[in-house]
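What follows is a set of structures to go through.
Shared between the two complexes below is chain A, which has chain B as its partner in the first and chain C in the second.
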Partner chain A sequence: MKRLQSVSVNTLKTKPKKSNSMKGLARREKIDGWLFIAPFIILCLVFFVGPLLIAFMLSFKEYSFLDSNSMFQAKWVGIQNYISVFKNHTFQRALLNTTRYSLFVVPIQLVIALCLALLVNGSIKGKSFFRTVYYIPTQTSAVAVAVVFMFLFKKDGLFNKFISLFGLPTYNFLSEPAFALPVIMLMAIWSSVGLYMVIFLAGLQDVPDSLYEAANIDGASKWQSFRFITIPLIKPTIFLNVVVSLIGCFQVYDQAYVVSQGNGGPLDSTMTVVLFLTRTGFREFKMGEASATAFILFAIIFILTLIQRKFFGEETAM
Partner chain B sequence: MRSKKVIALLLCAIMTAALFAGCSKKTDTQGNKPANDQDVIVTLGCWASSDAETKLLDDQIQAFQNAKPHITIKKQVITGDYLQGIQTKIASKTAPDIYYLDVSLAAKFINEKLVDPIDKYLDKADMEDFFPNLLEGYQKDGKTYGIPKDYNPLVLFYNKDMFDKAGIKPPTTWDELKEAAAKTTANGVIGLTLENDPQRFGAFILQNGGKINDGDKPAFNTPEAAEALDFYYSFAKNKTGATYKDMGVDWAGPALAQKKTAMIMAGGWVIPFMTQNAPDVKYGMVPLPKGKQYGNLLFTVAYVLNKDSKHKDQAMDVAKFLTGKDGLKLVADSGLAIPSRKSMANEYVSKFPDRKALIDATPGSTVANYGLNGSKILDVLGKAGEKIQLGKADSKTALKEAEDACK
Partner chain C sequence: MKNTNKIKYISTGRIFLYVVAIFYAIISLGPFTWTFITSFKPAAETAKMTIDFSKLTFGNYTYIWTKFPFLRWTFNSIFVALIVTGGNMLINSMAGYSLARLNFPGKKAVFILILAMMMVPGQVVMVPTYILLTKLGWVDTYKGLTIPFLYSLFNIFLMRQFFLSLPKSLEEAALIDGMGRFRIFFKIAVPLALPALSTQFILTFSGNWNSFLWPSLLASTSEHFTLPVGLNSFYGQYYSLWNQVTAGVIILTIPTLIIFLLFQKNFIKGISTSGLKE
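And then the complex of A and B:
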């Protein structure tokens, strides 16, 4: 009894003390935690969130970098910037071009990437060699790729020499409005297919072999096991790839810049939304309209991603 | 244990601080001591160019340093897109004291009051030595805002061998140009190289008595301009002319160097390119042929004075030296560009007699300043050219559409 009492007294005595130190520890850990992520958080705030907010503000102002006023003193113009961007014929053309570009590039590039992934996922000889080879174009800078493609497709370039062997007419692909954008599409597909292949490959390797074995025993054909096992199981990967590829496509800039020497020609056929944005901001000195363009592009990509999420089902949400 | 934590905390703090180390504003300590104007640093904004041109500027700077050691010139080379680079510098108030400004941007920069009028620093008598049509590009309401450092007019470069073979002389009129193009087009060689660039075909509009702009407004939707474009693109129709893109090269220079064409319209910038890439090609230069009258474009770059400069007097000392007789003599001797002073032009011709055409082409030419909406005007005119060349519209419609797009 006496002993017990002393124990209980002891616990009574130590309990608040202990919880106090626990609280202190938790608080210290919290502070340490914040301190450890501080470098990233500050970087993110200064170089990402801050500019984002400022750009959003600018999209409602009339401002150019040449103004003697600072951007905070610039005149508010409401949604005037958005209206004039939508009314701009060059922007309409740019949006059309970018949409056409994405509609072609995304499906073709993903189908090719999936086929390549299936190929190098199988048990063919030298598969790591092929994996590397298909991935290399992804590592090449877009500008270098554009220069090589310009060399291939110019008037006396290799491609024209090749088709003239068959008696076909030669074109100056890069200054024909009908062909300039397709050349850029081809360039984009070729150069980024490897990236999506690698992501598909990772998805494919997560599919357990036992499922294929079971299907095989049940007499499923190769196509059936692809259609009913592979596709459903890599659905999250497909979703991810579609989203990433679509975002990349809507932001196409460097290839178009190099091919058209920065002006989106011939006849605006390679004018993309981002190219229009930089031209508006830096050549025509309308930073407000350029920022508005950026947020229109953001809204488009955001809505498209939401639609895809609906389409692929909630469970694939990243 | 405790000391470890202190160290970890310190490291964290240092890492965070390090992120901003680069952001700190560089203050030149000398600049904060205005007690005497000794040891002032003047920053000079320029673009990155070829090694030879970089060396020329360095030599000029060196010559200045020898003459006035108490002012130190610091070059601020803007790599990549110059206009984009200088804009960000202006917006962040870190623009150099004096900087290069292309004449096509002069109207905009003057209108936005980014550059100061410099008349009070200039010696009026001395300014008489500059080509007046160059200075015009940097003048507004009777005030001068920049001193041209060098310039280039357009001239006709022609392949001498091809002309000898065809038995013709360099053209001096539109008719002769037509004939020359027809006679030199043979065996895969195209007579005249065309460009869908108003900075080239604009010269033809001027030669036909037309205009590109009237102050800040477009003035190209006229019968004179349409006629000029009809003439310019008639070469494409007759297959005696083609764009350099159609010849499979990146600009007009290589078309001449690779003997794909007999004639190109270009400025002196082609000369170093030809010396380096095609020493075997014999070429000559003549002023552009005349239409109803002589007309041509002048491309120039000037030093302008940043309105926020802290050392305006010293900065103008630098600008005046670099465009002074001694400074421009170095330019004349290098042969890389044509000095903007008449007196140095003679120097240039005596050193490079075969380039006399570049000087002869200067009087009667218009400086390439297209007013406040210059970039828009160039943009829509370029598209008009593309439309005509691709056969999508005739000159009249294309120019009308271009004018509408300017509104």
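And then the complex of A and C:
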């Protein structure tokens, strides 16, 4: 490899002017460049860019899938779809649920993930075993997780048997409006902590040991080196995790769907924004309003990302 | 050997760390372990919190394989996941390679558009894509379940970053020796990109295998259900038959678990070094 490298460097050096064959290569490169990326571009235009533009158009139209007219002939209604979505009580409930869900899930799962990352980055034995074990839940399907948690949290399930040992009252948790959403939060935290742990781990491994040694010599406590060395240096990783986790939270769907079998119950307590979107679009066939909901979701995620970026400064990891 | 002449000193702090580590390991593995055990219990034992090893049986599995379309759903899941994963690895790697290595007009614009599109949640295009697939007659077909998902913006980004981190010299030498781009790509670049490819493989395979929202819209009859969609519908109808429902959960979970355990060494390294950071 070394030899080849020097050969190619020499070849390039001895030919300062581009010969005809080099020009040919450059032209060939332009064609190859497009050929290599063409499959992606075609798929992306047909299944993403095109639909994105149509979704934007539909969000200003009144259109149902069952209409005999095509969507291009459908009536323009201005921002009426956006207004009716915001006025819809189920949507308000969905937005509230999703916000509450995110406010709990993001901080809790990131704190647990950071603690686990510190734990398996430290000097305990069997580090790689624990890393693997903590990562395993991220490989499970959200549908499987939802079913498993319903199994554990049902009236005569393992969790209720466990808390009744302490004399606590038992519930059929997922049929209780007050508990259904918290159990869904638990599912999300449990199943994705491992992912954020791995990303934190990568950030932690970039912090040079010499800094900790210097701090140690200066008499800093473990907490002080964590607070004044680790935290500032892994700020980009924290930012990345907050953004990824927040975006994921606002798109929560699978667990809520399985738990409520698609209707967001009990009493709309598990209705989420995406569940509202699919219900409006594919059960009620109000495709204009569904598209408007989609763009509201997009706007929320976009604004949250911008706020995060401002809050954490420009030094982002992405 | 060394331990014999050193007095081993274990502080309470260290014991605490191990207790925490083991406690979270139990939380991590507990729910599915309990599910796994339940899936081998006969119906009468399901509600019990004890395990009677003499009564454990494969009956639940044979029952749902033969009496319900779990075999069909498993086949669908494997078929769809393999096509989508294969397609993604080829298409994303080629696109990433092109963006990292080849100079062509419009490259910068394409890259900026990819970064911008990564911000758009997939649900935004759900309604028009569904209409499009209906017009094409692709709803409830394998085409509809695979072709729209053959690329991934994130993985193109990942592959581009990885190819940028590789030395160019080998490829340049091969080019001067008259090797064509496609041969250079497959013979030189792809073998060097194996760590990034295995990351991509796990992310794409388990992402597709576990995906629920799109397949639940696009597969309307049981014939084309993938396992998550099938398990959801099975659970919806037979939610009280927990020993069989849990067997379904295990069938859905085992394949991604095995793939992860086979590739995990490269994977955790790959995701933390090449994937999410520049």
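Please note the rule applied: the second predicted complex is superposed on the first by the 289 of 318 C-alpha atoms of A that agree within 3 Å, B and C clash if a C-alpha of one lies under 4 Å from a C-alpha of the other, contacts with A are read in each partner's own complex, and residues count from 1 in each chain.
We adopt the following convention: contacts are C-beta pairs under 8 Å (C-beta built on N, C-alpha and C of every residue); 3 or more make two chains touch, one makes a residue touch a chain.
Keep in mind the model is a prediction, meaning the values are calculated, not measured.
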Partner chain in contact with A:39 - chain B first, chain C second, else both or neither: both
Touching partner for A:156 - first (chain B), second (chain C), both, neither: both
First (chain B), second (chain C), both or neither touched by A:231: neither
Touching partner for A:247 - first (chain B), second (chain C), both, neither: second
Which superposed partner A:66 touches (first chain B, second chain C, both, neither): first
Which superposed partner A:282 touches (first chain B, second chain C, both, neither): both
Which superposed partner A:83 touches (first chain B, second chain C, both, neither): neither
First (chain B), second (chain C), both or neither touched by A:172: first
Greater residue coverage of chain A in the superposed arrangement, chain B or chain C: C
Partner chain in contact with A:303 - chain B first, chain C second, else both or neither: neither
Residues of chain A at both interfaces, chain B in one complex, chain C in the other: 32, 36, 39, 43, 46, 65, 71, 156, 278, 282
Of all residues in chain B, those that touch chain A in their complex: 8-9, 12, 15-16, 19, 81, 83-84, 87-88, 90-91, 108-109, 112-114, 196, 243, 245-248, 375-376, 379, 382-383, 386-387, 390, 392, 405
Chain A to chain B touching residues, read off their complex: 32, 35-36, 38-39, 42-43, 46, 64-68, 71, 89, 154-157, 172, 174-177, 263, 265-268, 278, 282-285
For the chain C and chain A complex, residues of the former touching the latter: 14, 17-18, 20-21, 24-25, 27-29, 31-32, 34-35, 38, 47, 49, 90-92, 94-95, 97-99, 102-105, 107, 110, 117, 119-132, 134, 147-148, 150-151, 153, 156, 167, 169-170, 172-173, 175-176, 181-182, 185, 206, 209-210, 212-213, 216-217, 227-228, 231-232, 235-236, 239, 242, 245-246, 248-249, 252-253, 256-257, 260-261, 264, 268, 271-273, 276-278
Residue ranges of chain A in contact with chain C within the complex: 1, 4-5, 7-9, 11-12, 25-26, 28-34, 36-37, 39-41, 43-44, 46-52, 54-55, 58, 65, 71, 115-116, 119-120, 122, 124, 126, 130-137, 139-145, 147-152, 156, 158, 161, 190, 194, 198-199, 201-203, 205, 240, 247, 250-251, 253-254, 257-258, 261, 274, 277-278, 281-282, 287, 290-291, 294-295, 297-298, 301-302, 305, 317-318
